[in-house]
Amino acid sequence: MAKIKSLAELQKKRDELQAVAAKTKNEKVIVNVSLATCGIASGGKEVMEAMKQEAAALGINNVEFTMSGCMTYCFAEPTVEITLPGKEPVVFGYIKGDKAKELVSKYIKSGELVDGVIPASYERIVF
Amino acid sequence: MVDKNQLRIATRNTGFIDPESVESYIAVGGYQALGKCLAEMKPADVIDLMKNSGLRGRGGAGFPTGVKWGFAAKYASDTKYVVCNADEGDPGAFMDRAVLEGDPHNVLEAMAIGGYAIGGNKGTIYIRAEYPLAIARLKLAIQQAKDMGLLGDNIMGTDFSFDIELKYGAGAFVCGEETALIASMEGNRGEPYTKPPFPAEAGYWDKPTIVNNVETLANIPAIIMKGADWFSGIGTETSKGTKVFCICGKINNVGLIEVPMGTSLKTVIYDVGGGIPDGKEFKAVQTGGPSGGALTYKDLDAPIDYENLVARQSMMGSGGMIVMDEDDCMVAVAKFFLDFTMDETCGKCTPCRIGSKRIYEILDKITIGQGTEADLEKLRSLSHNIKDTALCGLGQTMPNPVLSTMRVFEDEYRAHVIDKKCPAGVCADLLEFTVVEEKCVGCTLCARVCPVNCISGKPKEVHVIDQAACIKCGACLDKCKFDAIIKQ
Amino acid sequence: MSMLTITIDGQAVEMPAGSTILAAAKKVGIDIPTLCQLDMEKQFNQQSAACRICVVEIEKRRNLAPACATSIMDGMVIKTDSQRVIEARKTVLHLMLSDHPLDCLTCEKAGACKLQDLCYQYGIEVSDYPGLRNDYPLDASNEFYTRDLNKCVACRRCVQVCTNFQSTKAIAFGDRGFTTHPVAPFDKGMSDSTCVSCGNCVSVCPVGALLSKSKEKFRSWEVSKVKTTCSYCGVGCQMNLLAKENKVVGVEPMDGASNSSLLCVKGKYGFNFINHPDRLKTPLIRKNGELVEATWDEAYGLIADKVKATKAEYGNDALAGLTSARVTNEENYLFQKLVRAGFGTNNVDHCARL
Amino acid sequence: MTNSIDELMDSGAIFITGSNTTEGHPVIGAKIRRAKAKGTKIIVAEPRKIELAADADVFLQITPGTNIALYNGMMSYIISEGLQAAEYIKERTENYDELVATLADFTPEKAAEICGVSAEDIKSAARMYAQAPKAAIVYAMGVTQHTTGTEGVMTLSNLALLCGNIGIESGGINPLRGQNNVQGACDMGGLPGTYPAYQSVANPEIKAKFEKAWGVELSDKVGLTLTEIVHKAGHGDIKVLYIMGENPMVSDPDLHHVEEALKNTEFLIVQDIFLTETAQLADVVLPAASFAEKDGTFSNTERRVQRVRKAIKPVGNCKPDWQILMDLLNKLGIEKRYASAEEVFNEITTVTPSYGGISYERLEELGSLQWPCPTPDHAGTKFLHSGKVARGLGLFKPAVYKPSAELPDADYPYIMTTGRVLYHYHTRTMTGKVDGLNKLSPASFVEINPALAEKLGVTDGEMVAVSTRRGQIEVAAKVTAKLKENVIFMPFHFAVGAANVLTNTALDPIAKIPEYKVCAASVKKI
C-alpha cells in the first residue's frame, strides 16, 4: 500500500474514495449488515449469507454487501441497512429466519417495505 | 417523522463504515484531523482547542481533557505516553466496545493527535481480553494505518512519529481507574495508588502519561475538524458535547444512544428509549454503573450533565443506564450493586475492602427480614465514612447505590426493617403468598403445582397456603387462573 | 527548595515543598496516628496509603486525605482532630476490628500491636460492624516465623518491605475483595516461596500476623532493648537486642546509615548462640592432655610465665598472635598492643584475607 | 570501600565482580537490587550464576581466576572506542600511557577466549560501565583470593580511574569486607607491618610515637603474616601462639597443614566464646564475652565506626576480650588500667589520626562516623579521594593476566572454587548454634553442573569424593546449573566436609592471601 506523504495526498485519496462511493450508491443496492460482537452473536453473518444466496437465486446481481459495526439498535438485532440506488438508506431490525430472504425478494427486488423498519432518530456529524 | 433527539459525534461512524477497511474511514474524512494538526497547528494550539471545546473525560470523572493534556505537555521527558482506557467494566455498558468494533481508526487517530499535543510518541490501548473482536479490528487497523503512513514513523511525511500497542486487561473492574490501569500495564497487581503524582506527571513507567477513555477519544477528530466553538455550542453550561449511554433493563429500546448533554432523563427514557415495557411504571434508573446512583421519577425533568447527576447522589460514569420499574425492589437493587463492587474491590484500602462487605451484609440482613432501624443508621454512617476515607474512585463511590436509594426510597427500606415487607415483592423471605377467599373456586391447580405440597383444600373449596412450609417459589401464583393468589 | 506555609489545627507550619502532611504535623508536635505507613527511607517513599487511619480534613477538598501520602500545598488548611476525622478513623478501626480475632490476652504481639494501641486510643472495644471473618490456616512452615493471616490488617508493609527494600519479592497481594491477602507464589506456604527468611516483614508487621518463633516466651514490656551493631558481616547493621533475664530473646532492626532498617536472616535470627549452653564459661588449662577448668588467675599466671620464658629462651619473634575480625576496635587495639608491647614482636595478623 | 553503601542507589551502573552479594552481604545485595529497580544498570562477572545474575543487564560467567583478563578486555575496548574519561585522566591520574601500552593487543576477543564468555558481552559490559555518568565497582574475596589478588584489585582500580569513577559520589571501588570488623582489625593495627591507621612499624618516627604512648620499646621489624605464622609454627619456630576469636582450623587453606602447625606450637592460647576446633588444640582456653555482653565499636566495610553496646551481663565466668587483654598486659608489666571500653577508645584516638575526631559522645549523638575523621569538628568522610586521590594523582598500575597457580589437568580435571552461603557465617561458630539456620543449611556440599553430574553418574544429594593434591573429603553433591561444566563450588563454612582441606596454599606475593578461589580438583562417585 502506498504511503500517504502529506495532508494534500490524504485529501486527494478521500475525494477519490468518495467519488467511487457516490457512483456505487447510484448504481448498486448496498446491503450493510451490522457485524459487531452483538450482531454476529445474534446471527448477522447468517443473515448476510442468506441474503447473498437469495440474491443469487433471484438473479439479482447489482447488490454490494458490506459490513459495519454496531448500529446501536440492540433491541432489534440482527440489523441490516439497505440503500437502494439513489434512495435514502433504510434500516431493518429483527431480521430472523426467513426475514432475510424477504428483504431481498421484497425490498431489494421491488422496493416493497417489510416489517421492522427502524426510524432514524439521530443527527450524524459528518465532515 | 421521529424527533432527532440523538446527536452522533463519538459514534458518528459506527454502523456506517466498514471497520476493517481504512479506506472506508478515509472516505468519511478519517485522518483529516490528524493531518490538519500536523500540517497547520502547533501542539499548544491543539491543546488550546481542546480546552476551548470543553470536552470532559467520558470515563466518568469528567476531568477536562484539554487541561489533562496541558499538564502532560508541561512536563519535559524523553518519553510520554498516550493511553487509551478501553477497560470497559461496568455491567451493562458497551459503548467503548461498539466504538472500537465499529470505528477503530477514529480512536487511533485521536491517540496520535494526543501524542502530538503532549509531545509523546507512544500509545497504548489497555483493552480487556474479553473483547476479542475489538482486539482483532484494532490490530488490523493499526497495521493498515502503519502501511499507509498514518501511524508509525514520519506520519504523513512529517517529523512526527507515533506507535500504538495493545495491552490486555484481565477484566478487573478497578483497572478502569487510571492509576490501577497503569499499575496493571506495568505488570503489577491492578490496584490504584494515591495521587498526586498524577499520571500526567509520572504515569506509565513514571513518564508523563495521559489516560483517555475510548469515547473521549472518539470525539476528538470531530472537534479538530469542526472546531471548539461548534462543540462547546452543544450541551450545557458545564458539560459540552454529547454523551453515549447504554440503556438496558426495563426499557423497550435497549441499546446504544448518543444524546446532547442536558437532555432530560424523560427524553432518554420515553422518547429515545421507547418507554417501559408492559405498561409498567418507571421507578428508577441507575446511572454511573454499579457505583453510581439511582435517579427516580423526581429526577425525570433534570437535564443530564456531570454536575446534575452528582447533585443527585449519582454520577455520569461511563454511561451505563439500567432502568427499573415498579417490580424492582430498591434494597435488592442496592444489594445487587454492592455484591458487584464487593467482589471487584482491589482490597487495598480498609474502607473499601471490609466496608463493602459490611454494607453488603447489612443489606442482605435487611432483605431477609432481619434488619433493624439501627441498621439503617449504620448503613448511612458507614456509607458516608467510606466515601470520605476510601483510596480511589471505586471506593469513594461504592456506597452510592445505597445512599441514593435511601434518599428517595427510604420508605421501602423502612418497610423491610419495620413491617418486614418488600413492597415490590422481590425479597423472597419477606413475601407471603395468600389465597383470596372470594376469588378462589377450589380448582386445585395450585395445590397440584406446589413443589412442597403446602397448599391444602378440597376441590371446590377455598384453598389455604401453609406459610411455614411455603418456599415462596411463586408457582401457585403463576398457575392460578382466577387471580386468587396474591403475593405481598 | 521552596518553602510552603500551611495551617494545621490553627497552627502555621512552614515546610519544604514535597513534604507530607504527616511530616508537617510532626514538626509542630501534632500526632497523627499511622498504621500502614512505612518510613524506611526518603527514596522510594511511595506510601501505600492503604489503611486510611491517618486521614485528615483539608479545606475545600471533597473527601478526607491520607496524611502519610498527601503532599502539602501552599496555603492548605488542615484539621486533624475534627469530629469528621475522628468518626472516619473510628470507622476504619471498627472495620479492621470486625475482621480480626479478639485474642489480645494470649497474642504474642500484645503491648506492641498498633491495632491494639489505636483501639485503645479511640476507645473501641468491639466492632460496630460485626460480620463474616476471614479464616486462614496458620502458616508455620518458615523456620523462623509464623504467619497468621487472620490477624492481618492488609496494611501491605510486609509486601512493601519485601518488594521495595529487601528486593526479594517473595510475597505479593493476592485475591480481590474481602479476601485480599498477602500471598507467597500460588498461595502456597512461605516455605514454598523464594523467602530468604530475613524477617524484615516480621519486623514491620504492625499486628500479630507475622511473629518470630521464639524459644523464650516474653511480653513486649518485659524486655530491655539495647541498640548495637550486628556481629556478622561487614555491613554493620544497627539493631536492638531484646533481653529478658540476662538472655537475648530477640532482635529488631534499627535505622542505621548502612542498613536502613533492614537485617538479614543471620542478623535477625542468628542470636541463639549468645545464650547457648555450649558457651565457654570458665578458663580451661590443658593438664595431662585434657582441658580442665581453671581460675582466671591460674590461666593468666600460666600465660605470663610462658610468655616471659619463651621471650628469654627463644627471643621475641618466637611469639605471635592472631587477632580477630570479630571483636571490637578496642580489643583489636589492645591485642596488637599486647603482641607489640607485651610480646615485643610485630608478629600479629588476622584473617582479613580469609 | 572508597564510597558508601547508600551511594550505590544513585549509581548509573554497578559492576559486581567476585562477590555473591545477596548471600555474603545480604543487606547490600538488597540495596543493589533496589538500585536496579530504580534504573541502575547491573553488570555481574562471576563464575557462578548467583542470585544477582538474574538482575544483571550483562552477566559474564567467567572461568574462575580469569577476572584480570576480563577487566583488561573491558579497558582495551573502552580505549579503542574512545569511551575513557580523557579530561579526568589528564588532570587526575598518571602513568596512563603504560596502561595503553599494556593493553595494546589485548582485544575483548582475546579476553573472551580466556574468560569463557562472549566478546560481545564484554563489550556491552564495558560500554555500560564507561557510559554511566557514575559507576561503582563492588567486589569481595572473589577478586582478592587469588595468587594475583593484589593485581586484580589494581586492575579494577585502573578501570575505575580510566572512566573517572574514583573520587566521585556513587562511584569508586568498593570491597565488601566479609567479617563485621575486618575493617576495624586492620585500622587498629592487627597487621604485621602497621600500627593503627596503617602507620608503618618500620618508620622510626611512628615507632617513637608509640613507644612514648605505651611506655615500652618496640620492634621495627615487620612481623609475620598469618600464613607465614602458620607455616613457621609447622616448623616449630613459633613457640607461643595466641589466637583470639579465630578458627584457623576451619578457615585456613590446607587444613591438614594447619592442624600439624598448631599441634607443633609449644604453647597455644585460644580465646573464644566456644570451644572451637582450634580451641580444642589449645593449652589455655580463655572464655570471652560475646558482642551482646560488652561495649565497644565496630568499623564496617564503608569505614563507618558504630557502637557495640552491652545488652546482658557476661555469661558464666567469661570476660569481655578487652578486659582479658588488659589483664594480660598488666601481668606483662604494662601497667595501664582501663575502666571501660570507652577509655580504650580514647587512647586509640590519640595515636590513630583517622579516628582522631571520633568519640563515644559523638557516636551517641550521630549514630556513626566514617573515617577519616581527624578532628572533633570533622563530619567524617562519605567517599574517599574527593577532588584528588589521597596520593595526589591516581596511579595506573597495569597488570597482565596470569593463570592461577594450579590449573586442571588429567588427574584433577575440574576447577574448584569456594564461597559463602546465606545461612552461615564464616566457620559457623555462631550460626552453627542456631537451629533454624542449621535446618536451612545443614551440611557441606559440592555444587556440580548437571552435565558433569550425568557424566559422573551422580544425582542430586548423593555423596561424592572431592579430592585435590592436598586431600580428599566426602560431601553431598548439589546438582545445579549455576556452574559451568568444568567448575565445582564448595562453601567453606563447614568443619565436616571442610572445603579448606582441599584449597591451595599458594599465596599472592604481595598481600599473602591464599588462592581459595581456584584449585584443581577431581570428583568421584562413591
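Order of writing sets the labels: A, B, C and D. Residues in every chain begin at 1.
Please note the rule applied: a residue touches a chain if its C-beta (ideal position, glycine included) is under 8 Å from a C-beta of that chain, and two chains touch if they have at least 3 such contacts.
Since we're looking at a predicted model, the values are computed, not measured.
Participant: Shared touching chains for chain C and chain D?
Facilitator: Per touch definition, common to chain C and chain D: zero chains.
Participant: Count the C-beta contact pairs for A-B and for B-C, then tell me which is higher.
Facilitator: A-B
Participant: Once you find the CA centre of chain A and the CA centre of chain B, what distance in Å lies between them?
Facilitator: Measuring from centre to centre gives 30 Å for this pair.
Participant: What's the distance between the Cα centroids of chain A and chain C, rounded to whole Å?
Facilitator: Going by mean C-alpha positions, chain A sits 71 Å from chain C.
Participant: How many angstrom between the C-alpha centroids of chain C and chain B?
Facilitator: That gives a centre separation of 46 Å.
Participant: How big is the gap, in whole Å, between where the Cα atoms of chain B centre and where those of chain D centre?
Facilitator: Going by mean C-alpha positions, chain B sits 63 Å from chain D.
Participant: Could you say which residues in chain D touch two or more other chains, in rising order?
Facilitator: Counting only residues that touch two or more other chains, chain D contributes none.
Participant: Got the chain B residues that touch at least 2 other chains?
Facilitator: Chain B, residues with two or more chain partners: not present.
Participant: Taking the touch definition from the header, please name the shape of the chain graph: line, ring, star, complete or other.
Facilitator: If you draw each chain as a dot and join those that touch, you get an open line.
Participant: Using the touch rule from the top of the page, what pairs of chains touch, sorted by label?
Facilitator: A-B, B-C, C-D
Participant: Within their complex, state which residues of chain B touch chain A.
Facilitator: 1-9, 11-20, 23, 26-32, 35-36, 38-39, 94, 97-99, 101-103, 131, 133-134, 144, 147-150, 156-157, 222, 225-226, 248, 252-258, 271-272
Participant: Could you list, by residue number, the parts of chain B that touch chain C in their complex?
Facilitator: Within the complex, chain B touches chain C at residues 172, 174, 189, 191, 193-194, 196, 342-351, 353-358, 361-362, 378, 381-382, 385-391, 396.
Participant: Can you tell me which positions in chain C touch chain D when the two form their complex?
Facilitator: It is residues 43-44, 143-144, 164-168, 196-198, 213, 224, 226-238, 241, 243, 246-248, 256-260, 262-266, 269-276, 278-286, 291, 296, 299-304, 306-308, 310, 313-314, 316-354 of chain C that touch chain D.
Participant: Hey, which residues of chain A end up touching chain B in the complex?
Facilitator: Touch residues, chain A against chain B: 1-7, 9-11, 13-14, 17-18, 21, 32, 34, 36-38, 40, 66-76, 81, 119-127.
Participant: Considering the complex alone, what residue numbers of chain C touch chain B?
Facilitator: 46-53, 55, 63-64, 66, 69-71, 84, 87-88, 91-92, 95-96, 98-99, 128-129, 131-132, 153-154, 156, 172-173, 175-181
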